[in-house]
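Labels for the chains are A, B, C and D, by order of writing; each one numbers its residues from 1.
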């Protein structure tokens, strides 16, 4: 019998992340590798555990096989609890019919039975799209202190950026009086981070009301929050001033990886007081040969480095041959870069082979000067999972490949 | 090999590895950047399809228990079979030999249902499975099969032993067993201390030894029964290093810097499993210079590392130089410190500018937690 | 990295089991409790483990929350393996669109990626609807020996029964030349048990061909098997002569429970050589008081028996008050039968309360003489989960209740 | 109580329970149809929100280790914290007192970060949490808090001890501690051997005792520091039975046939956790007659059972009669056998028609595996 929990977290992990191009053809966005050994979802999951939340529902519907296998029984995050722990919640059939998750709110609505097992005071709604460290427990305490029906985490952005976000207009006490989705003329710079703490009783009421409305798109930002504001519920903004990065585009994914490459990185992965947990591959320690040079980079276990690595993030079990150069790049696991191949300003998927003498991408300055802007991969070269680039073949800056090239 | 039970002797050479075995059993000495010595034999058993393994301990095995946990990393957390740590039944003075240790594990062995038993000491660094040896054992209808390796023996002077040398006839039947003989430079057949035996025979031998106050496997079983038991040798040509002294430990570690050894141990379909530790990947900063070294996750490398094995969570600061050394978990090598031919146990701090130089045959060993 | 497996089992657990009435409004049929502590799915899962199959995909889509929680990480069946183990496989979205499992074959088709991880020689297809013990490994060996593309387990039924089954017409060597679904004039008495072993390569070919056919109903019995027979594939019947019970109706569920009540039951649950594993509740031993009489019954842990129990199966944590009578009945977990209440020839759901002096059902002979035939609950009284029957209230034989009665 | 470490002394009274403790530590003696004695204190800690527990063992703890496994059943299989079995560091002659046992666990305690420690012996059958006692400890700014129960003491003559009796002042501060005194029929305040202390103070006391060759908690800590440490008593009125002899074990078992005791131990929001064993539910056949008995899963009952505790997997054949007895796991009581006031260890067979009658104060104890 599950026992009562103060808080249950619901993690929306259904997003396809289509702006990440070839990287998400096989996996959902939260399962995208990051930082040499992590997946994006490791951040909210680890935040939950570090915040003392031991019951997490992960709502999936897009290409979940990889993500399900990754989450498994939750052991890497210490979420293999007898009472609570992590549960993957796909859409399901009830009675004669089944329904896909129509929107973020509907996804939670369909899993009310899961939440009610734990009879929680609060439900924390998270997404699997962002890199950040945050103590959700403080936000819950803030919600309790304010006796709020809902609190929304906000980040102060610049006035120019504000037009790209959902903006919360607040009174002096941080109570919210208005929510504007991507306002042309923002009145505030408090951007919603898509992190909500709800009193469960209130939330359930509004989820059920929203579901009964056939015109609703069943979305937190578009429907639930405005409905609660209209009804005069106590709603507060919770200010967050740490590092927070939406890795929804290839450019921002690259940036976020590169921001790890310093002793005082805003995302300190070596901080033992707020560990980011991940499912670790069983790989031997990396071997760096006499011919190798490794500068200002992250390199993970199982790598064999015989060439030059500079300013790059290299995931586990990557082979970099003699004379090969990897610069300003992100190399996902199990990729092979053969002797004398060159990879610059690129993102390479898992299990890619770059054969001898092949050239992928161009030096960052050159790429930015020569590639026309507006491509999905920006000025980078991006290679999808498991593809092979033949000997001495070139992949130009700005190209995104989903298939082998010989 | 579902029908085979594994038994590991995890308590040997507790006195010959200086401070490394003061805080732990020899089988749990850290090795190769992220492993413990016992990982190899244990993984070999698992990779052979053995799903029930007993680990015979003597004393000082808290660290070993912490490492093995429920056996989950070796997929030995099972309802049927799995991993069993076998502590000494009572606080006696220890085991005088393997047969005495097996006597202590007697009820575990009797309760098992497997037909065969693989006996192995924990202190062998090797990646091999027992399938072929077992097939050979069956084919020869052997009573006991000793896996041996033909090799020249390197001599050490610090407590390392040559071990048990066997002599074989043309049919590979063992005709003599010599315990730690003087062998000079000759190529000899050295027991790898991996033995296959029928469980029922092992039970008989345990009872027989116990009732006759005998305790040595090699003396009281092998030597005594050369004629009446069919004892065969099975040759292996796999890499194998026996770690039973500081010098053999250092050599077996440095072997990892050879591509061939790494290929034999790690670039294999059969993995070496070990306990997972949560660590960020290693970060190289500033003027890091790394050459011919193995480096585990969780390190921050800002200095120079050459011909060394660096364990998880080590921080090598700017200007520090580490050569021909083994640096265990969470060491802090501060700016401009220098180390050569050193073995640092876990949690050691080398303060700014300090220099420690050992020598190849006698590396400088720093005990766990020391600040120098 | 998963390693190659000789065989992977795919367990079709999506069925609603609507003929089980109120018992399946909250759970899928494979999650129905059986035999005092089991669920139906324990039988195929335990058979897998006992047959040496350590990789099992469980295909769910109807009300999976309870079943998912029950299966969990697979530990009770020793299926929490690092390499393989049990995986719950719900429908999912791929690209822009998602698809429910359209039929048994389509459910497997949608999970080809899961199967291919293990590169198996054989795929065993099972359903979660039957109580039986079977060594699937023997069937795999038979498939190998016959070099069959597919073998189908068959049970010899009587000629009268044959019209209710899919019937396999075979040659002398057990090779199948024809498959007839519920034939009016059966030529054989070999009834398909819905248990298939396929060579994976062949299976994949026919699954893909079937999927490409827009007119197919994507079902093994209706489409895949006939297509393979038409194509002249080697297909064999595998004869099974043990106990096998479809518990698809309330009557057959009751029968199967009652068949456990003898020292030489065909389903020996105490057989340590072929254990049926289950997720056990943590309950104290049962207490049988000085006032109790327990005869010819199964009683599980956590029960407190102060009354009379006869010829019944009583699940864990049931309370039976002083003077109460439980006869010829199946009582699911956590139910309370208060003092002097009477339950006869009934099935009671989980967490039911029968208050003092209430009467549920009637003596079997009386019920069969008085109740008109053709009801879903037969001559029994059947109470859904969590309902309450008030003091001295009567529920008649033949009634099926989904709501409280006071 | 996240900020509290649990420590269980799991090695006591190894000589006073006859054959029951010959094959296992007293803490793993089976109790109540499906439990081991240690389950109660361990569940109490878990139910108090403690997520890190050390179990201090001495010898003969193989059975205890098998029972506890990875701690999963108590939700103590955790990355951070969890269950730690603490075997004796070396094969010494045992612990002369709790302080010596704690000395052995010193590095475990030092590596912990929790502010408080709950110390408890394994041999108490009780269902309670430590939340209130800890709150009291904090409120009183106590150094040490002893959970005690005011009760009359039943006398036994078979090795059971009265234990430690405390005397309190009006403020509930402990002013005297008497070890196994003669108390007659008076109501006394008996320590439940559940103690709360700050971790830092415990560390100091361990070091202090070790350096002065002292080893007893009650004599060398409590009695010596009555004045300079603030030692308080916290009263509990929960059911508690101390099991340290055959007679106390028998009585504590028979207590389970009282509805009140069952209600205090089991019909509570806080569960008593134990290792899961796969068993079919119990099957009653033929002329079974059962009255006032606890019966675990996996039994087949064809005979008569009265005022008894029947463990998992017991088969009571036709015509067999079991009265006022404790029958452990997998016993086979064959047709027409009769038992009264008997305690049968695991795997016992009573052959057809055999009769064993013990007496209440001196039950007939049958050792594990015996065939009678």
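In the analysis below, a residue touches a chain if its C-beta (ideal position, glycine included) is under 8 Å from a C-beta of that chain, and two chains touch if they have at least 3 such contacts.
Just so we're clear, the structure is a prediction, and the values are computed from it rather than from any experiment.
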A-B or A-D, whichever has more C-beta pairs in contact: A-B
Relative to chain D, chain with the most remote C-alpha centre: A
Chain A-chain C separation of Cα centroids, rounded to whole Å: 40
Centroid distance [mean C-alpha coordinates] between chain D and chain A, Å: 48
Where chain A touches two or more other chains, by residue: 75, 80, 277
Shared-contact residues (touching 2 or more other chains) in chain B: 72-73, 77, 79, 278
For the chain C and chain B complex, residues of the former touching the latter: 3, 52, 75-76, 78, 80-83, 277
Interfacial residue positions of chain D with respect to chain A in the complex: 72-73, 75, 77-80
Residue numbers on chain C that touch chain A, as the complex places them: 14, 16, 60-65, 68-69, 72-73, 80, 87-94, 98, 100, 111, 113-114
Residues of chain D defined as touching chain B within the complex: 58-62, 65-66, 69-70, 72, 77, 79, 84-94, 108, 278
Complex interface listing, chain D residues touching chain C: 32-34, 72-73, 262, 265-266, 271-274, 276, 278, 280-286, 288-298, 300-301, 305, 309-311
